[in-house]
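Please go over the structures that come below.
In the two complexes below, chain A is the common chain; its partner is chain B in one and chain C in the other.
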Partner chain A sequence: MKAPRTTIRRKLVTAMMLTSTTVLLLVGAVFVAHDVVSFRRLLVQALITRANILAANSTAALAFRNPEDAGQILAALKTDPRMIAAALYDQKGRLFATYPASVPPGTVPPASGPIGHRFEKSDLVVSQPVAEEGQSLGTLYLKSDLKELDDRLRVDAMVVLLAVLGSIVVAFAFSTWLQRRIAQPILTLANVARNVSEHKDYSLRAKGAGDDEVGVLAGAFDEMLSEIQQRDKEIRQLNVDLERRVNARTAELEGANKELEAFSYSVSHDLRAPLRHIDGFVELLAKHAGPSLDEKGRRHLATISTAAQRMGALIDDLLVFSRMGRSEMRKTSVDLAALTEEVVQELKADAGNRCVEWKLGKLPTVQGDPSMLRLVLVNLLANALKYSGPKEAARIEVEAQSQNGELIVSVRDNGVGFDPTYSHKLFGVFQRLHGSDEFEGTGIGLANVRRIVSRHGGRTWADGTINEGATFYFSLPK
Partner chain B sequence: MTMLKRILLAEDNENDVELTMTALAENHLANEVVVVRDGAEAWDFLCHEGTFAGRNGGNPAVVLLDLKMPKVDGLELLRRMRQDPRFKAVPVVVLTSSREESDIVQSYRLGVNAFVVKPVAFEEFIGAVKNLGLFWAVLNEPPPDRIQSPSAA
Partner chain C sequence: MPVLVLRIPILALLLTLILATPSVAGTKLTHEYDLKAAFMFHFAQFVEWPREALPEKTTPFTIGILGEDPFGKSLDEIVANEEVDGHKLLVRRFQHVNQTDSCQILFISPSEGSRLDQILTHLNRRSILTVGDTKDFALRSGIIGFVISDKRLRLAVNLAAANAAGLTISSKLLRQSQIVGPARVQE
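Now for the complex of A and B:
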């Protein structure tokens, strides 16, 4: 979890400052506008009042058509610097008197205008009727500058500006304090979340994150953490249990394996010794008492000797078979073609001058234990050679083909074959489908083949017909 | 000329002793064969201790050693001999029923001179023992006594 780009603190302060500044500015603008409008109204009112007073004072001068008096009355305006100009018009609207006495042309209108007031550029203009007892005598025109309004506006702006600036300072102080109250719990929560995700420490808690929504969030977060911690603990416990069970089972297996090894050691050592003694003493007996025994007696001695030797062979085979299941597999690349060729060459020497046609198909390189796979080939090819012995022209074929992701190797001969009814017995230990007087052997070879192939993850099976040959298959996973 | 060195046969089984002696006898060897029944006795013989205290003669020409014996077994005796400068160079031939790979590996690791599995068939057994006797007692020149370490010479 990386650190956020902008902090929530800054966001909060920015939001609060933006809001308060905007509100302040709006309020200031409204205040200034309102003040200007009411001040203008006041100015107008004051000017109209002054005009009314002047008009009332001027009635006599107008009635008697005395411009000098009128001029003096208007001259009283000079006490007020705001007054720019003034003019009196007679009944017919002609200019009668002005203030100042001589005005530059264009300062006052040449003839009376409409009654009322209006703002002209930087001036305020008022025209009031001069009347007496309901009879109109003329019109009074007054022109005042708006300097006062400008001053007022300037002061207002200054006041508003100062107020805004002061308020911003106060608002900043407030928002800083407030954001701390709002942001702190969130920051605490974020911190805890970051620590949890970084250190995978589920024992951390975000408690005390306030009583608002953040508090609810922190509570939910804590609850989730508790849940995770609990499950974590359970998983750990399960793992420990599992490991302990695996260890116990492994120890058991190791024990069993040791026992098995001890067993096979005693078989190897202790079972062979008496056999050797039987054979040895039978031999000594034959030498010592042979001449005095009859034919039958000598035959019995020979049988005892043969039986002892056969049992020795059986024990040796059984030990090899047991070792085959226990010994460690050393898997490497094995060139089946070269291995088969090697085995065939060896067997050719044993075949003597028999007529045997060897046909080797294309064989690939596989992964496996070379010495074990060699034993498989030796067993299968030696069987093929042995059981095709009675044929005049023996033919032995080795082929390989890929099927459904596995390699299937077949060894086919045209020998005596077997009754397919018993094909399931072929791969059993010491199982034979032919009498030992017919073909020699203990019946361990195919059991070894099956054990080795199954340790390589493959299968073994066979097809056969009596007197028409047999095919033995084994598969190896690719 | 010194007297012929003896052959030490360490074998606990009486039948095996008899068969081995019979086989050795077929060689008409002049060497005396001393039979001990376990590793401890063999050690006594080598060290001139116990029942063999005061025996004459030096180290045997060869020790024919069975592996499985009571008290001190064959591998243990072999280890002791190879750790002792006096017997380090004495030829030892393991003569056993066991064909276990671990025994073979272990024996060679401990410095055995030969490892022979006793064949079940008596004819083969006789042949094997005859060959052994002929080779180790007659053909092979055993190390002279007290040559064990060059510094002691």
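Now for the complex of A and C:
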């Protein structure tokens, strides 16, 4: 759970600022528009009032044809810089007097226009009737500039701008304070969630998240955490229980196994003595009574002797097997290459004049019990030699390779092979896939191999095809 | 046909005036009386009469001419269809001051110059605005006199006389006028 790219704080502040600024600008625009409109109305009203006063003052001047006096009355306008021009027209609409006294042509109309007011470009123009006692005497024309309106607009804009700027500052401060109130519980919740997911610490709680929806969320979150914590505790408890039980069972099993081994050792050991007696006495009997026996009797004696010797070999092997399970391991560095070479030399002597091609790959030095590993190699190589016997040109390869942190040694032959369906039975005690009349052996060799390799912490397996050879593997941890 | 009879001396007078002052064109004189007629009409707006002078709405507002009429048709034309404060305007011509009681404005023709003081005395304290263009008309207790100065028609007002007649003259009119007679109005 990584930190979010845009924080909820910034979003909140942005939203509030946008809203308030927009509203302020809208209000400001409405204010300016309203002010300008009402100020225009005010300007018109003021100009009309002024025109009415001037008109009332200039009635006699018009009635009694006194343009000088009319000019003087109009000249009073010079105190107001906004007044551009003024004109009086007599009853017949002819120009009677002007302000300023001499106006440039085009400043005032040559004849009176319609009564009323209108905006002309940057000017405001008013025409008012001049009358005394209801008697129309002429028309007054007044022209004022709108600089005041421009100034007003400028001031309004400035006021609105300042107000907006000031409000933005206030709104920012306010929204910062507000967003903290809104965002803090969410941030706390997010923080707790992040810590929980990063450290798997289910004892954390997001309490104190306020009384709104976030508070409800935090409450639900805390409840979930409690539940998870409870379950976590239960699972741990169960695991501990389970481990304890496994340990207890393992100890029981180990005890039983030891007992069994001790039993089989003593049985094997005790079986040897009577067997030696049988063998010894059969030999004595053959010496003593052999010449007096007929051919059949002598053959029976020979069979008993052979069987006794086979049984002796069998018991010897069993003793070795049981010793392998009991004896202490002495781990040292073992040069597998030298050991293999040694074993091969021994086997070559046994092989007589058979044609066997030995291929030894590059073998490393490993940690292990030398005599035990020697037994493994002897068993595997002797098996390979034995089961490749029927082949005219036997080939036996020994290789080693590293894989997944362990060393895998393989012994391959091109002998009779085996049915892969039964490969799982190969490493059991007394398990044989071929009859003893075909290949001699006690059926304990591979069981010994498995026992030794597993005591070294490795595994054993094999694959093969009938009449195409077999490969036996064992692994040793590095 | 008394009007026609009256007209002949006016024409004669005009002719003599043209001949006497060659710089002033004859049209200028008719123009002068057109202007005076217009002024006479406007007096009605700038002077206030006491209520008793025109008690009823139906009473016409009368502008009278005493003596020979120098206006010709111009006064009648100006006044035609006009009203003053709801009263119809009426122009009447008189030969004798005794007939002029119903007037609000009375023009005393130059033809009456010799009898002017007499006439004015007769009209004393009546609510009649006396107007004339005789020399020093206002100084001689006429209320408003026409004066020509700088080739312009000006007014001379005798405030004491106006006050005695119970008339209130608008300050606007006074602004256009020269005040003559006693400086302070005497009650």
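Note that in this section the second predicted complex is superposed on the first by the 263 of 478 C-alpha atoms of A that agree within 3 Å, B and C clash if a C-alpha of one lies under 4 Å from a C-alpha of the other, contacts with A are read in each partner's own complex, and residues count from 1 in each chain.
Quick note on the criterion: contacts are C-beta pairs under 8 Å (C-beta built on N, C-alpha and C of every residue); 3 or more make two chains touch, one makes a residue touch a chain.
Keep in mind the model is a prediction, meaning the values are calculated, not measured.
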| item | value |
| --- | --- |
| Touching partner for A:His277 - first (chain B), second (chain C), both, neither | first |
| Touched partner set for A:Thr332, first chain B, second chain C, both or neither | neither |
| Chain B versus chain C as contact partner of A:Thr79, first or second or both or neither | neither |
| Which superposed partner A:Gly312 touches (first chain B, second chain C, both, neither) | first |
| Partner chain(s) touched by A:Gln403 [first = chain B, second = chain C, both, neither] | neither |
| First (chain B), second (chain C), both or neither touched by A:Glu132 | second |
| Partner contacting more residues of chain A (chain B vs chain C) | B |
| Partner chain in contact with A:Asn353 - chain B first, chain C second, else both or neither | neither |
| Footprint overlap on chain A, comparing chain B with chain C | none |
| Footprint of chain A on chain C - complex, ascending | 35, 38-39, 42, 44-46, 82-85, 152-153, 155, 170, 172-173, 175-176 |
| Partner chain C, residues of chain A touching it in the complex | 57, 59-61, 63-66, 69, 132-135, 137 |
| Chain A residues within the chain B interface of the complex | 264-265, 268-270, 272-277, 279-284, 305, 308-309, 311-313, 316, 319, 323 |
| Residues on chain B engaged by chain A in the complex (per definition of touch) | 13, 15-16, 19, 22, 67-68, 96-101, 118-123, 125 |
